[in-house]
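Note that the chains are named A, B, C and D in the order they appear, and that numbering of residues resets to 1 at the start of each chain.
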Amino acid sequence: MKQFEKIKQEAYYANMQLPKLGLVLFTFGNVSVADRELNVFAIKPSGIPYDELSPEKMVIVDFNGEIIAGNLRPSSDTNTHAVLYKEWEQINSIVHTHSTYATAWAQSQRAIPIFGTTHADHLTIDIPCAAPMNDEMIEGNYEYQTGFQIMQHFQEMGLSYQEVEMVLVGNHAPFTWGKTPSKAVYNAAVLEELARMAYLTEQINSNAPRLKESLIKKHFERKHGPAAYYGQ
Amino acid sequence: MKQFEKIKQEAYYANMQLPKLGLVLFTFGNVSVADRELNVFAIKPSGIPYDELSPEKMVIVDFNGEIIAGNLRPSSDTNTHAVLYKEWEQINSIVHTHSTYATAWAQSQRAIPIFGTTHADHLTIDIPCAAPMNDEMIEGNYEYQTGFQIMQHFQEMGLSYQEVEMVLVGNHAPFTWGKTPSKAVYNAAVLEELARMAYLTEQINSNAPRLKESLIKKHFERKHGPAAYYGQ
Amino acid sequence: MKQFEKIKQEAYYANMQLPKLGLVLFTFGNVSVADRELNVFAIKPSGIPYDELSPEKMVIVDFNGEIIAGNLRPSSDTNTHAVLYKEWEQINSIVHTHSTYATAWAQSQRAIPIFGTTHADHLTIDIPCAAPMNDEMIEGNYEYQTGFQIMQHFQEMGLSYQEVEMVLVGNHAPFTWGKTPSKAVYNAAVLEELARMAYLTEQINSNAPRLKESLIKKHFERKHGPAAYYGQ
Amino acid sequence: MKQFEKIKQEAYYANMQLPKLGLVLFTFGNVSVADRELNVFAIKPSGIPYDELSPEKMVIVDFNGEIIAGNLRPSSDTNTHAVLYKEWEQINSIVHTHSTYATAWAQSQRAIPIFGTTHADHLTIDIPCAAPMNDEMIEGNYEYQTGFQIMQHFQEMGLSYQEVEMVLVGNHAPFTWGKTPSKAVYNAAVLEELARMAYLTEQINSNAPRLKESLIKKHFERKHGPAAYYGQ
């Protein structure tokens, strides 16, 4: 299975970042990494503590959720990853956590308002929060439907998954993604910090206004626009 | 006393997890581990700092609270552990902490509402909060009555101690339990995180709705139902 | 100066506990230790970072605030320590910090309500908060008057400094004390945790009731009464 | 480039303090150090993780924002540093972070009220919060205008940058400065703690009064007045 070695290594490394960044308690999270040529992804096995993980334990799954290689059962959230990879062809890694502040916003069923430039450095809109699924979806293939619910919310809100790389699933918790595993993990940590700052902002000023458009545009473009001048 | 070696080792190891998980300040907590064949349990000695503990210092007590072996006085909460072991025959370990967020809910005399799937992954109802005891119970055998108060609350609410492995004692603090010491300690850490998330959820949305039944059922069953597919 | 060796060692060790317990930022705190036979105390030098401290750097001061030995200027709060030692003859160590939650209560000019048994394990009343001093006191010998303000508040409230080993000074921050340095430092950490729990309790239930008398009495007495059974 | 060695070393060391003090997530912050004889400053390169920094990677820039030496692109906030150095001739180091509590106050567009002596030990007024810039300024040279906005706010409020070494930029985040890099970094950490204490103070008592003038004066002067007696 030498062909899967690279994504297993990457998925292992990315999963190990989650406890280091304080984003998971016990096994409450998982990262996957896709290989777009082989049409598979490597994902954390279900319920295995982080300090018992190794690259060999990663499970290889295709974009229909079928196990291709590996001796362990993959994350229970595997089908959500599969459907997102299948439909969103430009992403190569997905992160799911139950990080404290982001999950509290998800439980509150509220999008996270864009209150400052820290937020605008990463996206130009409120962090979207998909509604909880209807009962039919829940009783069906639940994890598959979770992915569908996310994509439907993006469609309804007219969002691009390439510009907005994070979402809250109402009553559940956050998902983030990116072109690389390190970007997807980065997004998970940034989301948690934005969730914490927005919570504090509303506590300090219950009438805090959203950031104005000119500042949103400026900050996003200096990092991401055609004339970006952040980074090397 | 070789017969008690195993539970002393296990109780020592489980007690040492509490400071590592950030659940205790100084000596504000204790874990016990039962041997169901010998009808005894090993418990932390009272008031000894965690970094001075060793397996030899654990105290062996029977289910009536009588000391069977050990040179130190057992935890002042020993009778609460004893009565729970006596009546709830399927549990083999009990944890008591004064962890910050769970204790704040206990002091607020409120059950912790089920707001999300992190909660539903572990239990299907609000985390119960037993009322403070009446004065007669307090002035009697206080620690014994604490255990009785917990069991009475479970009876009145129609709860199963095998399904709901955690409780808040009003004005006091949490108790958790399980079939194994690692599960009982796990429950103590999960309870603290659920308490923190629920606190934040209400701060972010004072009208946050409880999780709907279909989602509660789905999440609990994927971890605990007959067709569970979480873990290995 | 061999006669001061013991209290210098003890004061050094006790000061070094403050950053370990998360109670100080930079140099925002100090501990002193008294020698009741020599009528002096050892105290942290002013403005020296904790990682540059050593037993030799501790300053020896008498109960009138006069420097007896040492090459460095003592803590700017030295006179507060001096006057408390002079008047309260049963205490042998004093701790002053600006720990976050206790200081927030002091800034709020509120006593910390007794909401639970964690509190009652240590004292039977709300943690007292002395009012800010009047302008005459402030413009006089400020640090001496701070000690006087604390003692006056205890007198007016009918409190015993041997039973209540902690106080908030309104708009300023906490002081704690004890028969030993380790007890005084312990009290500083317990106060910070009680302050944090009480803050969360009011956030979760703005009508949370104070602990009832029977529970206060029971918990305090099991740790401190004539028939105490906590500890060894 | 031996002439720049000293400020590159100092800037490297000061930048490395930010993650140690918990003031930055990823690359969300930067420190610069000026050489007043050479009229240049050393600043963190843009977007480089802290654990990949070295003194050699610091970029040398003049007070007009022109790069003088270095192979990497300087921090995107470089022009804000440049304009402050140009106009405020007594400062030798500037720190910019997005530390959580200070940023939450900036997002709330509120000055941080002076609630206690911890605050008065460092400055005698509320921590100023400059309004967000108007659209023309934002669309112009944004980072230059950020510095201008800070200076204009100081002018309008009649503040001295030598007495008040910190500011919030509305909707954005804090800037601090000082005569030395260690003082500028110290100010960044103190600001974050004052922001956290003030937040908690208002949560505990929504009518908490500002500190009275006599106490403000006393505490500031014991640390900074002509008869200061804090420190060595």
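The rule we apply is simple: contacts are C-beta pairs under 8 Å (C-beta built on N, C-alpha and C of every residue); 3 or more make two chains touch, one makes a residue touch a chain.
Values in this document were obtained by computation on a predicted structure and should not be read as measured data.
For the pair subunit C and subunit D, there is no chain touching both partners. Note on subunit A versus subunit B: their Cα superposition corresponds to a rotation of 90 degrees, in steps of 5.
Mostly differing positions are employed by subunit B and subunit C in their mutual contact, as under half of the interface residue numbers are shared between these two copies. Of all chains, the one whose CA centroid is most distant from that of subunit C is A. Rounded to whole angstrom units, the spacing between the C-alpha centres of subunit A and subunit D is 33.
A straight line joining the Cα centres of subunit B and subunit D is 47 Å long. Residue positions 203 of subunit B each touch two or more of the other chains. Taken chain by chain, the contacts form a single closed ring in which each chain touches exactly two others.
Pairwise chain contacts in this structure: A-B, A-D, B-C, C-D. Across the complex, subunit B is touched by residues 115-118, 186, 189-190, 193, 196-198, 200-201, 203-205, 208-209, 211-212, 214-215, 218, 222-223, 229-232 of subunit C.
Listing the residues of subunit B that touch subunit C in their complex gives 25-26, 28, 45-48, 72-73, 76, 98, 100-101, 103-110, 132-133, 135, 138-139, 142, 171-173, 199, 202-203.
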